[in-house]
Structure formats: C-alpha cells, structure tokens
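Next up: some structures, all given as structure tokens.
The following pair of complexes shares a single chain, chain A, combined with chain B in the former and chain C in the latter.
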Partner chain A sequence: MAGSLIKIDEEIVASAVASVTLTGIDSTYDVYMVKVNNWKTDTNDRQCLARVTESGTPNTTANYDYAGKGLRSDTTFTNRSGTNGTEFKFEYIGTADSQAQSNLTLFLFNFNSTTEYAFITNEMSNLDYLGNAFGTQGGQVFTSTGTARDGIQFFMSSSANTSAGTFTLYGLKK
Partner chain B sequence: MATLEELTTEATAEIEAAKPMYKQVNNERLEFTDADYDQAITDLANSKWDTQQFGYIQARQEAYGSVQDQLDMQYWDGVNGTTTWADHIAQVKSDNPKPE
Partner chain C sequence: MAVGNLEFITNVQGGNNITALDIDNVFSDKYDVYFVTHLTGQSSVGYISMSLLDSAGSEVTTTTYDKAHLSMPAGSGFSEYRVVNNNKWERVNYTYQNAIGGTTSYYIFNPYDSSSYTFMTFQNGFESVGTMYGLKGIGVETTAASRRGFRISATANFSGADISVYGVK
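What follows is the complex of A and B.
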C-alpha cells in the first residue's frame, strides 16, 4: 500500500562522529523500522552497537539480551548470544578491507511502551574487516520497563568513530 | 592481567587523547558533553575488560577449521596414524590462551 512507510528522521554522516542518534519515536506508530546503509568506521575490527534512548539519553544499564546467527563466507556459521549486556550488538567491520561496511535493517517493537520490554529484529549484510561476506539475523530485547523509549543511538565498540553512513528511521503506518 | 581499575585508567587516557569527540543528532554535529565522555570511558574500559577476559573465545572460534576440514583431518589421521587434527586444536588453543 502506497504511503505505508513514513520517514521520520535521517542522519547522514559526513564527518566522523562517535555516535549517531535517531529520534522521533512516540505513540504515532506501533512499529518502527531503521535502515542503515554504508555504515563504516575509522578503526579496524570494531563491533557495531546500539542503545535505546529515553528522553534523548541513551540507556546504559545492563538490560540488553541478544541472540542471533552469523552466516559467514569464510568459516562455520557462528552463534551469537548474551544476556545483561549494556547495548544491542551487531557484527564487526573495520578498515583492513577498504570496502568493509555494514548494511542493516531493524524493526523496533514496543519502543513507546512503559510496561513492555522493547524488542528488535536485526538483519545485516556485512563485508567484515577482513573482506569476508557476512550475513546476520537475530532478535534482541531491552529488558527494562517504566520509561518509554524515544529513539535509538548507534555507535562503535571501543569508542571508534562512525566515518560514514546513512541512518534512517521510518514509522509503519497503522 | 590488568584489573578493571587499571583498564579504566588506560581508557581515561585514551579518551583524553581522542578529544574532541562528536555525536550526531537532529542533523547537528555536537561535541560530547562531560556525561558523554564519562560514558565513553566506561564503555572503553568495559570493552578492554571483555577482550582481556573473553576475547579468546571469539579468537578461537575464528581460528578453528570448519567442521568439514576437521572431519577430513580426523579421517586421514585414522588412515595414516598422524595427529594433524589434535595438533590443529592444540595450536589454536595455544595461540589464543584462556586467561589464568
């Protein structure tokens, strides 16, 4: 149906930044979608990460659980899982291969709720820092309630910069 | 092995050296606030701790041959009386030691 995907925020990284935040999640839509295209970093072998924001501030508490599968072209597929982390976790990119980058689609559920956990699904197509093709699928949960989440912040592990990328937030029309 | 306090000191020095750091929100590129810098230090120290304590797990996963290759090693070890597979596993463990 035409007009079902409503663009809410878009951040295009032109100069290196340590974090990128998409804002504008509220009660208007039940489900939101994030598209990340051409996500690159300036440091080798760094993991793509994200946190929910509450009133614009990232929630850094140890309430992030994740489970997923890394589908690798270079070796055996890898299971990824963990509980009580301090961020959502995705895959690794870097600089050893000049084409290394990540492209990511997330669906965000219950972000505006104060009583339900927030859930995301993630699907990612990567060229990792060694130049290996990498696909990832998984689900992640933010296991805290009490405050509505109004956005999502993306950053790299070990305080590396995001050197490029287009981060877009959409609402799925009810 | 470094303690978390020692790693936090390292992280503080690295973040100081990396200043200024920026964040992008609402299409503005803004310098980190003091709270942002404090969080960056915490995140970097925790990342160093995780790498020190648990980095060997991912390193070993990436270094092990595929299941197919390991089965092939075991087959030929059985045929030839060699220890290629055990040597491979021992080498990966030796190259990526578990912290004491």
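What follows is the complex of A and C.
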C-alpha cells in the first residue's frame, strides 16, 4: 500500500532569496503539512514570517491572527498573540550565532476553501540569534474568505533574505 | 500511484526492567527530518530522558543539551521546565504509579548533518495518580556533529517500551 504523506513541492535554498513559495494546494487533499529545516537568514534579529498565496500571489491584507506559547530554555516562557496582522508569525533568528536557525512543522487546514478561514498549527525548534533554544507552539488563522489559497510563502521581516533552508509541502491523503 | 513520503525505518521494543534502550543506526543522509513515536512502557516511578548516539553508536553525554517544555495538568495551573547545558534532554516522557506510561511523539531535525546542531520538538501525554498531563516542548543539542541514533533512559526500571522511527522524505 502506498503511503499517505505525499510530497507536492520542495524548495531548497542555497543562496540568498527574498522569499520561498510552496505551491500546489488544491482540492486533492483536505489537510497539508509543511516541514522546514535549517531555515537561516542573512541579517541579525529577523522574524520568520509567512503568508497564504492566492493564484500564486501572497495575500498581504491585515487578516492574520496568531496565538501560541513561546518555549525557551533560558528564561520564562513568552505568550505570543496578535490580531489583524499582515502575515503568519514565527520566531526570530539571525546571524549573531552561526547556528541560528528555525525548524518548523506546520499543518494547514481549509486552504483550498473559498468559504472557510485558513488555519495552521505550528511547532518549531529554533536557535535564536542569541544562541538560545526557542520555539513557539500554537495556532494561527487567516480570516479572509472568497478566494482559495493555493500555497504558502515564507519570508523574513524587514526585507531580510532567507540564506538557507529546505521547505517541503506534503498532502495528507484522504 | 503516488509514493508516500513518511517512511518507516524501525520499531524497537524494550524488554523488562531496563533503564536504557538504544535506538541505533536510524539517522542517515537519506532524511533531514524524523518522526518518532514513543510509548514509555510500565514503571514504578520516574521520568524518561533522551540522549543522542554519536557516529560510533556511543551516547553523547556532553553538557550540550538545552530543553524547555510546558507541563499542562488537567485541572490545575501549568508550569514551565527549562534546562541548559545538561547532559541529556530530561523529562521527555514519564511513568508514574505503575500506570501504563506516557506517550510522546517527536520531530527530530538535522541529526545526521555534521554541520548543524540537532533540534527536536515533542508532544506528550501521561497520567499520574489520576491526573492527566500534557507536555509540549523543544530541545537542541548544541554540537555540530553527525548523530546516528538516540537513547531512551529512565530514573527507574521500565518495561514494555515501544518506539518507532520514520523518515520524512
């Protein structure tokens, strides 16, 4: 029997790029998974971000809400939350520590729907730009409907580049 | 027909009254990311830790393990657990009061990459004296070195551990 986690798209970054887009979300699957490993940036203290794409274009409207618990090894945990942002939010990495990176697992729900909000759950394990273990576990939602989302675009805050990383999109067979 | 991309690597079942169980030769250059399921098994009392096995199969016991988790008991306040510069990832699973034992799932990132630290996330559920707990956690082992497996160890004997490892291709 064939497996049920099906690779759809993969982007491997070996030199600096402004963004990474994974495409191929449609009605084939109800739930999608994204794994990201070794996500690095070329600028210190920058936040990992993402947006849904519609017909390949990122939606930049202020319709992204998020909530999660920032787990960290160095000090008290941090609540992460916000509403009406313009992107999904993850954690901060940078260049002050050469091993600073983000490793993510996301599950994507309702992306192909035109009537339902698009939800994601996120787990991550990072080394932040100060060299601390830091990762947020939580959920996020894109609260705009009317257009199916066909992908997800990853980028860094303040126009920093992604300098490394493997970004992979899977469908969960139904 | 599409081929699946979650590939079974191995299942290891522990014997009776052991204090450590090696899951060796599971990491390779075939995968960057691994998914692990871990049924603790039965024990009298104790918590479970994870450590990595180096390229020769020996336990990495250097003080290079950082970890954080949120402990979420049903019916009372949550608590934080943090550790840096430890010699293992402590408390990734629990066994208490002869209960069947906790269950944990992990994602492990970059263990075989000799140029990268090894990262992990985990989710756990266990029962202690009638109270259900959930754990959500993260960890990093801060050595850029290739690891070929991991060790599960406990502060008390445990029996019936059941661990499966998958590669996420």
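The rule we apply is simple: the second predicted complex is superposed on the first by the 172 of 174 C-alpha atoms of A that agree within 3 Å, B and C clash if a C-alpha of one lies under 4 Å from a C-alpha of the other, contacts with A are read in each partner's own complex, and residues count from 1 in each chain.
Definition applied: contacts are C-beta pairs under 8 Å (C-beta built on N, C-alpha and C of every residue); 3 or more make two chains touch, one makes a residue touch a chain.
All figures in this text were calculated on a predicted structure; none of them were measured in a lab.
Enquirer: For the overlay on chain A, clash or fit between chain B and chain C?
Expert: Aligned on chain A, chain B and chain C fit with no clash.
Enquirer: Is A:T86 in contact with chain B, with chain C, with both, or with neither (first, second, both, neither)?
Expert: The answer is first: A:T86 touches chain B but not chain C.
Enquirer: Name the contact category of A:N103: first (chain B only), second (chain C only), both, or neither.
Expert: Once the two structures are laid over each other on A, A:N103 reaches chain C alone.
Enquirer: Quick one: angle from chain B through chain A to chain C, Cα centres, nearest 10°?
Expert: Vertex chain A, arms to chain B and chain C: 100 degrees.
Enquirer: Does chain C touch more residues of chain A than chain B does, or is it the other way round?
Expert: Between chain B and chain C, C touches the greater number of residues in chain A.
Enquirer: Is A:S125 touching the first partner chain B, the second partner chain C, both, or neither of them?
Expert: In the superposition, A:S125 touches chain C alone.
Enquirer: Using the superposition on chain A described above, determine whether A:L5 touches chain B (first), chain C (second), both, or neither.
Expert: second
Enquirer: Quick one: classify A:D150 as touching chain B (first), chain C (second), both or neither.
Expert: Neither: A:D150 stays clear of chain B and chain C.
Enquirer: State whether A:V17 touches chain B only (first), chain C only (second), both chains, or neither.
Expert: A:V17: touches chain B, not chain C.
Enquirer: Identify the partner contact of A:S158: answer first if only chain B is touched, second if only chain C is, both if each is, neither if none is.
Expert: Only chain B is touched by A:S158; chain C is not.
Enquirer: Name the contact category of A:S73: first (chain B only), second (chain C only), both, or neither.
Expert: It touches chain C, and chain B stays clear.
Enquirer: In the superposition on the shared chain, how near does any CA atom of chain B get to one of chain C? Answer in angstrom.
Expert: 11
Enquirer: Considering each complex separately, which residues of chain A are in contact with chain B in the first and with chain C in the second?
Expert: 75-76
Enquirer: Show me the residue ranges of chain C that touch chain A in the complex, using the header's touch definition.
Expert: Result: residues 1-7, 32-33, 66-70, 80, 82-84, 107, 109-110, 113, 116-117, 119-121, 123, 136-140, 142, 144, 168-169 of chain C touch chain A.
Enquirer: For chain A, which residues count as touching chain C in their complex?
Expert: 2-7, 35, 37-38, 69, 71-77, 99, 101, 103, 105, 123-127, 131-135, 137, 166, 168, 170, 173
Enquirer: Quick check: in the complex, which residue numbers of chain B touch chain A?
Expert: 14-15, 18, 21-27, 29, 32, 36, 39-40, 42-44, 46-48, 61-62, 64-67
Enquirer: Would you pull the chain A residues touching chain B in the complex into a rising list?
Expert: 9, 11-13, 15-21, 23, 56, 58, 60, 75-76, 78, 86, 157-159, 161
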